[in-house]
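After the structure tokens below, expect a handful of questions from me.
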Amino acid sequence: MTKLDAVLSDLVIANRILAHEGVVDGLGHVSVRHPEHPDRFFMARSRSPELVTLDDIMEFNLDCSPIDQRGRVMYGERPIHGAIYEARPDVGSVVHNHAHELIPYSVTKSALRQIIHMAGGMGRHVPVWDIRDEFGDTDLLVRTLEQGRSLAKTLGNNSAVLMRGHGCTVVGASVRDAVRIAIYLMLNARLQTDAMRLGDVCFLSEGEAQATANMAASPLVVDRIWEYWLHRSGYLPDS
Amino acid sequence: MTKLDAVLSDLVIANRILAHEGVVDGLGHVSVRHPEHPDRFFMARSRSPELVTLDDIMEFNLDCSPIDQRGRVMYGERPIHGAIYEARPDVGSVVHNHAHELIPYSVTKSALRQIIHMAGGMGRHVPVWDIRDEFGDTDLLVRTLEQGRSLAKTLGNNSAVLMRGHGCTVVGASVRDAVRIAIYLMLNARLQTDAMRLGDVCFLSEGEAQATANMAASPLVVDRIWEYWLHRSGYLPDS
Amino acid sequence: MTKLDAVLSDLVIANRILAHEGVVDGLGHVSVRHPEHPDRFFMARSRSPELVTLDDIMEFNLDCSPIDQRGRVMYGERPIHGAIYEARPDVGSVVHNHAHELIPYSVTKSALRQIIHMAGGMGRHVPVWDIRDEFGDTDLLVRTLEQGRSLAKTLGNNSAVLMRGHGCTVVGASVRDAVRIAIYLMLNARLQTDAMRLGDVCFLSEGEAQATANMAASPLVVDRIWEYWLHRSGYLPDS
Amino acid sequence: MTKLDAVLSDLVIANRILAHEGVVDGLGHVSVRHPEHPDRFFMARSRSPELVTLDDIMEFNLDCSPIDQRGRVMYGERPIHGAIYEARPDVGSVVHNHAHELIPYSVTKSALRQIIHMAGGMGRHVPVWDIRDEFGDTDLLVRTLEQGRSLAKTLGNNSAVLMRGHGCTVVGASVRDAVRIAIYLMLNARLQTDAMRLGDVCFLSEGEAQATANMAASPLVVDRIWEYWLHRSGYLPDS
């Protein structure tokens, strides 16, 4: 399997895992930067992640134009992905989702903060982007590169950005990285909401946040949990 | 497939989707107006939505009398559907459900309001109808056309009406429309309840409500998510 | 199928339905009074409801002694059932469960009250029995007829009694009756808990409670929902 | 089946049950002390519990060194297990998990206390261990025997210890014992959180805690519920 094949295989698996773990429902999408051409990225045609196969994967320029459309319908929110790859050379994969647990943190003043070690990599700060601030009344979708760049600017050097009344975008060095952070960010939100009901919450310190980021990205953890998520998704990769 | 066949196929699929997504349980029902005879509508015989097949579909006049009963048992709450088709020529489909997330908004003074973009089409206002106001102590079912018309009056030009201690009725231009709004109205309620625990909530503006209504009804979104819901339901349409 | 066969078939199905709907987990039990000998009742040998088959059904006297034990292990809490059949000639079936949603109402001063029409039959009052009041420190199980009679006394003429730190016991005229009330009592608790978070709750009036009790027990509703629950349980009766 | 075979079979089943009941996800682990060599214990190689088979089981000394590694990757947190077996001769099995319901009690001042009879054996006191107290900023994993011994010290003679921002460790005389307590401890946490929303909570008395510990460990209960959990897990032991 070439490096490109491996990346595309992981991309399809990521679609299935994100759907099965409830990070995405019928909507949401995940992309990966081309491993040899950093000015391109891959993402499925407009299709629910749970149904995506290798045949659905399309290739795009960073301006979100398709390399070879062949009549396929494309996700409207490609600019989320293109604009982030443009602004963040360190980012290798982007997950956009509407995970239910995150929405309350996008529409209130409560800040999402790391409460469990497995959310290592979610970062010290999860900013909230409100499309209304810059673009007034819209349908909340990120439809233009200008909107995508505004989102990327709010994301800054963080790992995730909440989108008011809409959802969240998570980035990682690789597909497995972005998927892992997306899943545990969602879980962190659920547990934070539960814990806040019981009283003052003890969050991770800055040193712990850094140490858990390294731990959660280590092969000992990632390989074990990726095998588990793949198994649960019920998807059987070809190869 | 004729237009009528397509409409009836969607109606059966709608039953399965609503059951699988938890909008209805063993009770609840969905109907569609006859595409050629606007003074008639289709709905299953008295059967749980999860089990409905094409053979179960019956045809009714707007006064809720059956065209050809053939001894089949009918839903007792047909007047919900007949009265709304009578009052609202723009309505092509009606979903009646007891979705759990909605009930708390039917028995308290908390107003259900749009918090996420995908609930586009739920409208700016979701009125609450209390059968006791006009009809005193009942079993809360809408058993007569008079009760159905009272409900339709409270529905007004909105997309949904809550029924105190009972459930909800949602309308749409088509079956897919009504199903989509019913599912996301339920999700909106869950997220609003969660968000209100965290502090003051930022709801969508009037302009955003209108723009998201258009977006959520667009083929780009509807086709993708209908394919997803159908797949999840496990139902295989004949065709 | 004789009347006895039909009753026993319903009893096995009830075990499967209660397990699938989450009313019971590995523990809990359901019994039915003998249709011809009102001084006897049927219940499974000591086995998780999800696994009960016709072969597991045993027959008991009202003092909870087995008619023909044949070495089978018996539920320790048979006195719940025997004592209620003894005290309440109108009761044809008893369900004992630990449904999670009900526990909070057994350990706090919050009263469980009817909030939805489908909980018709749960009654105006759900008393709480605390075994400690009369028997001091125990393992909370109802192990003796004396304890069972104390529970039956607190149940009185109601449809359900909560047991502090333990669970709930529901009665009905028939198996289908008791199962229906047990399922909707659990749902009513969940919705009441959710609704109380939103503000003051509007409960059903006394007249509505009576009318919905009649409605929920009517064949139009019961037949439809029993078919649905049976289908969901995945159990195939021998017929 | 020899005693050793029976113990190892239960260990594999325990992995499957804990995964299916949601006590562990892709992470977490369960171990058992060697029935003939109390200075050794068994635990899977580094693998998600849901996927563990008999072939994955490895044998360790109490210092957590493997008897015969054969290149297999090992769980990093073996010191949790080794240190507890060292400190507690009465302990025959250890479960380490990240059950979601427990996390809020690890990061707030709310004490977890017994609210239901089936949590018998969880003990009167569930201490919280914060790795930061003794070891400063870490990734929260228990990576050294020194850290394991610190955890074992906080566990003391209790049945469970919460780990701040991380999870929980439960001990029992046997695998079935530790599994049962782990599952009901999780459920107890959920119900306690729900009950505290409704008002002041009535917890079990000291006498009830002791009596329910005996009851919950009795064959009448354990055999019934172990059969149920095994069935639900879908795992078929070789026998």
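Here the chain labels run A, B, C and D in written order, and each chain numbers its own residues starting at 1.
Assume a residue touches a chain if its C-beta (ideal position, glycine included) is under 8 Å from a C-beta of that chain, and two chains touch if they have at least 3 such contacts.
For clarity, every value in this text was computed on a predicted model and none was experimentally measured.
> Just how many steps, at minimum, does a route from chain A to chain C need if it may pass only between touching chains?
Step count on the best path from chain A to chain C: 2.
> Please work out the Cα centroid separation of chain B and chain D, and write it as a whole number of Å.
Comparing mean C-alpha positions, chain D is 46 Å from chain B.
> Based only on mean CA positions, could you tell me how far chain C sits from chain D in angstrom?
Computed value for the inter-centroid distance: 33 Å.
> Provide the list of chain C residues touching at least two other chains, using ranges where the numbers run on.
In chain C, residues 197 touch at least two other chains, as defined above.
> Between which chains is there touch?
Result of the pairwise touch check is A-B, A-D, B-C, C-D.
> Which of the residues in chain D end up touching chain C in this complex?
Where chain D meets chain C, its residues are 115-118, 120, 187, 190-191, 194-195, 197-208, 211-212, 214-215, 220-221, 224-225, 227-229, 231-232.
> Across the complex, what residues on chain D touch chain A?
25-27, 46-48, 50-51, 73, 76, 98, 100-101, 103-105, 107-110, 130, 132, 136-141, 164-166, 193, 196-197
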